[in-house]
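Across the two complexes that follow, chain A remains constant while its partner is chain B and subsequently chain C.
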Partner chain A sequence: MSTIVEATDLSRYYGPVVGLNDLTVRIEEGVTGLLGPNGAGKSTFLKLVAGEIRPSRGRVTVLGYAPFANREYFRRVGFCPQQDALYGEMTGLEFVAFLLRLSGFSRADANARAVRALERVGLADAMERRTRGYSKGMRQRARLAQAIAHDPRLLIVDEPMSGLDPLARRAMTQLFHEIAGGGVSILISSHILHEVEGLTRNVVLLHRGRLLAQGPVPEIRGLLSRHPRKVELRARNARALASSLLELDHVLSVRLSTDGGSVQLETRDLDRFWSELPRVATETRAGVQSLESTDASLEAVFDYLVS
Partner chain B sequence: MKATTHTEVYRPYTGELRPPRWSFVPIASSGIRVALKSRWPLLLYLPAAIATVIFGFIVYAKFSLEQGMTPGALAGPNEQASAGVVLVGTMASKMIEVRDMIVGAIFALGLFSVLLVAWYGAGLVCEDRRVGAHLLYFSRPLSLANYVLGKLCVVGAFVLASVLVPALVICTVAISSSPGWTFLEDQGWILLHVALYSLVHTFVLASLVLAISTLASRRIFALIGTVGFFLFTQVLGMLLAFLQKDARWMALGPLANLRRVAATIFGVERVAGFRLNWDPALSWWALAGVLLAAWTVIVLRVKRMESLA
Partner chain C sequence: MGAFVSAAWLLFHTHLRRLAWSKRALVCALLALLAPLAAFLVASLGRRVGPADVAVHVGFLLQLQVILPVLALVAGSAAVAEEVEDRTITFLFSRPVPRPAVLIGRWSAILVFLLTLLAASTLLLLAASARAKGHGDAVDAGIREPLLVAVLLGGAVYSALFAVLGVFVKNPIIVGLGYAFAFEGFLANLPASTQALTIQFYLRSVVAALGSPAWNRVEGFASPSFDPLPKALWTLGLVLALALALGAWRIARREFVVSA
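Let's turn to the complex of A and B:
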């Protein structure tokens, strides 16, 4: 895998406000989620990567280019901002074709590509309508269409799921998977963690303008050894299972749910727990129906990291 | 969203893109096309059309009378020829130079030019910033100069049409109704003056509205700001000129300066109802100062738009 984004001591200030603080990060190709709460510096980082703004300190290279005001670079990236950015008087087709013409495509080529991009995002039926009448999801898809229409090598997307209904989110996720499947790297930001979990396990966690963690979520979780791991099991004989699990020396606590159907436990050593669980389950005839490591989710990891 | 629309295989672009040297052209053409989608603002051109007809008719009457036609005959065989036509014919018989008519039209349309420039130019930059469209512009191979030039062309096209077209129509009437096209031979230079003044007029108004648009947060504020700026400076200039009994105060208003410059370019000494008794050099300098200020604002604000994207 080759590196697509490399930031070294990257900082960006807005007057006295620190948008991004001394960030050093390397992002490989593929889909990468940029995560953090509001004000973490995600949009600032994306704008620096997209070449929209200049770093106050440090440097960033993307696809080997210094992005700011670099016309050669702009042809290789697609940027889908969080802001509305549409002209209500234009049709979806005019909007995408217009931006393609700014990228250097001829009128005919721009129109053909705009049609194809709008079809890909599912706006084929609405492309001749003015964007003023588009729903939020359609507007988001129109913005995405302009970002992919010129076949970029890197797609930068800021909060793409924001305001979308569940159906539209699923369709958008599916679309990102397809784009990524075609060899396009995607850098996608969100403050809603589970949205990104559906897209990728590779994340960059930002908090207050600083890098909090980077890498696949399970690996990040594994590094947090000071926190016990949580596991939830559903079993037919959950009560017997709970009492047997308490005898394991690495299990710190066991809690039986009020309906008596599930057990939540905390363990210091997850690997040992997985290896010992079959034996315990067999001995107690527990009838395990499901098991889940509940704190391996992004949400939980993020909570641990910022707490 | 239809699942079938997502089955296409992604194909990275392998062709070669043309270097977009004239990237202001798509901005200008698309901006004009979008502005023309709303038809009713085109009513702002109605005064220009009316003025063109009136002043054009006076020019036609002038050449007709010079060729021996009587004012009454101008109305044709209709016995109920309007008194207005006879009046215009009588006026035309007493005066007038074609350039007077062009300057008259320009003076009469000054305020409407301001309304036009405000309507079509006020939202050009501030709305981009408000909706975040500048983020899309500046993630393309587009220079700031091309961005500003594209926006200038959009508003410039509408203002230019309000000045150039009436003047050209009056010139065309003069050429076609002068005997043996003598107007073209004797006063063909007027066409050059029309072109020169139209460019000055357009550049000044378009620059000012763009500067105001870069400062405003919403289109409506820029619109009010533009109209307010022109009216305020005009009224202030007139008031100070009256109180101080010094016509030079009139140079406070860009509109008054444009009128003074128009009169100078076309070599017109006086226009009924308008004061022109101050040094034209003062107006040229005042316009240069206003342009310098406007472009300083535009450059700083647009650069800021880029750096604070």
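Let's turn to the complex of A and C:
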């Protein structure tokens, strides 16, 4: 596998605000999820990778190029920005073809590629309509079409699922799988963690402009084995159950819900907790109705790591 | 160079088509009607005012000093600033185009639009002035030609300045209004050599060089210190070229950070 993005001591400041702080990271080809809460530095990192802004300190190379205002580099990447902006008076076809012609394609080639890209993102029926009449999901797909129409080697996508309904999200996820299947590397940012988890095992976690963790999701999840896990139980006698659970030495905290019907707890040893729970539940006649380890998803890993 | 020309040409005709149906074009068209409307009212209501007087007064005091810079500001500042405001500049700057082509291509479209509008507005103004019933000179070539030439030259220079302003600042309209009225409006009307720091001074020099004596009846216009025509034209050309060169240099280097 070859490296597509290499950042060394990369920092970016917006006046006194730190967008990205001393980030050193190497991203291999394939699909990589860039995760973090709002303000983590995801968009700043993507803007640097997309060549929209320059580093304040350090350096970033993508596909071997310094991205900022680099025309050779722009031939090889597709950037789907987060902002919900299009040329409203253009049709979807005109929009994508216009940008392709700016990339140097002839009118005929640009039109043919635009049609293919729009078909690929599912906008075949709407490509002759003005984009100002598009729904949010259609606008997102039109932006994606312009990013893939010139067959880039790397696709950079900023928060593609933001504001989409579940069906549109599923369709978008499927599309990313197809694009990646064609050998295109994808760098995708999101704060909707389970959707990124559905796209790739490789993630980069950012928080407050710094690298928090990087690697396959299972490895990151492994970090949890050394740390507290969360469990939520619903029971008829949740109050008594909470009181007894608090006496277990591996239970760090217990919280009773406001309706008194469920208990949330943190334990240092999940295996011991599972083995001791039946006894405690029987003794307190808790009447456990459901139980769930809320640490099962990437979101929980993320929550833990940033807390 | 080929990439620059083809990108600028594509941006030129794409923007010209977009501009023709935009709200900004409507605002510009309404602004362009103000001077002809004023000339029509003065010509219709001022019984003792002759056609030449109406044309030179409205042409100088309103068209050249007010409408021209405001129109050039509204149209010109859109060249780059509109793409930033609409957050679409990311699409242009993530393409393999020479960045200055965005400025030059879009400004060229604005120039064609603006000059068409200014020419139409000035011709309407002159036609409305000719309706005046009072005694005095008719609207002749000595009024028509210098006004038309000055307005068109001013449209080119002001629009370039304001287009470049949009490359440097976030709110070119506010800064441009400050420039047009606080700076130019003040300095151009001072009886001192500081007039030479304004575009207005060179436009007036053009009018003075080409115009008939009727222009001297406008208060504040008659001045022995205007530049000769070649120097005025050369200076205006230099300002235009320097502004575009500065804008091209800046746009090639500036980061345009758009928010989500």
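As a working rule, the second predicted complex is superposed on the first by the 236 of 307 C-alpha atoms of A that agree within 3 Å, B and C clash if a C-alpha of one lies under 4 Å from a C-alpha of the other, contacts with A are read in each partner's own complex, and residues count from 1 in each chain.
Rule of thumb we're sticking to: contacts are C-beta pairs under 8 Å (C-beta built on N, C-alpha and C of every residue); 3 or more make two chains touch, one makes a residue touch a chain.
For clarity, every value in this text was computed on a predicted model and none was experimentally measured.
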Clash or fit, chain B versus chain C on superposed chain A
clash
Considering only touches as defined above, state whether A:51 meets chain B (first), chain C (second), both or neither.
both
Determine, under the contact definition given at the top, whether A:178 touches first (chain B), second (chain C), both, or neither.
first
When the two structures are overlaid on chain A, which partner does A:104 contact: first (chain B), second (chain C), both, or neither?
both
Touching partner for A:164 - first (chain B), second (chain C), both, neither
neither
Let me test your reading of the model: by the given contact rule, A:14 touches which partner, first (chain B), second (chain C), both or neither?
both
Touch check for A:89: first (chain B), second (chain C), both, or neither?
both
In the overlaid three-chain picture, which partner chain does A:245 touch, first (chain B) or second (chain C), both, or neither?
neither
Larger contact residue set on chain A - chain B or chain C
B
The only stretch of chain B that collides with chain C once the two complexes are overlaid, out of 77-85, 113-121, 167-175 or 185-193, is 113-121
Touching both chain B and chain C, residues of chain A:
14, 47, 50-54, 69, 71-72, 74-75, 77, 79, 81-87, 89-90, 98-99, 101-104, 146
Note: in the complex, chain A contacts chain C through residues 14, 43, 47, 50-54, 68-69, 71-72, 74-75, 77, 79, 81-87, 89-90, 98-99, 101-104, 146, 158-159
Would you pull the chain B residues touching chain A in the complex into a rising list?
1-3, 5-6, 8-13, 17-20, 23, 26-27, 30, 33-34, 37-38, 131-133, 135-143, 306-309
Can you name the residues of chain C that touch chain A in the complex?
3, 6-7, 10-11, 14, 18, 21-22, 86-88, 90-99, 252-253, 255-260
The chain A residues in contact with chain B across the complex are 14, 47, 50-54, 69, 71-72, 74-75, 77, 79, 81-87, 89-90, 94, 98-99, 101-106, 116, 119-122, 124, 137, 141, 146, 150-151, 153, 167-168, 171, 174-175, 178-179, 181-184
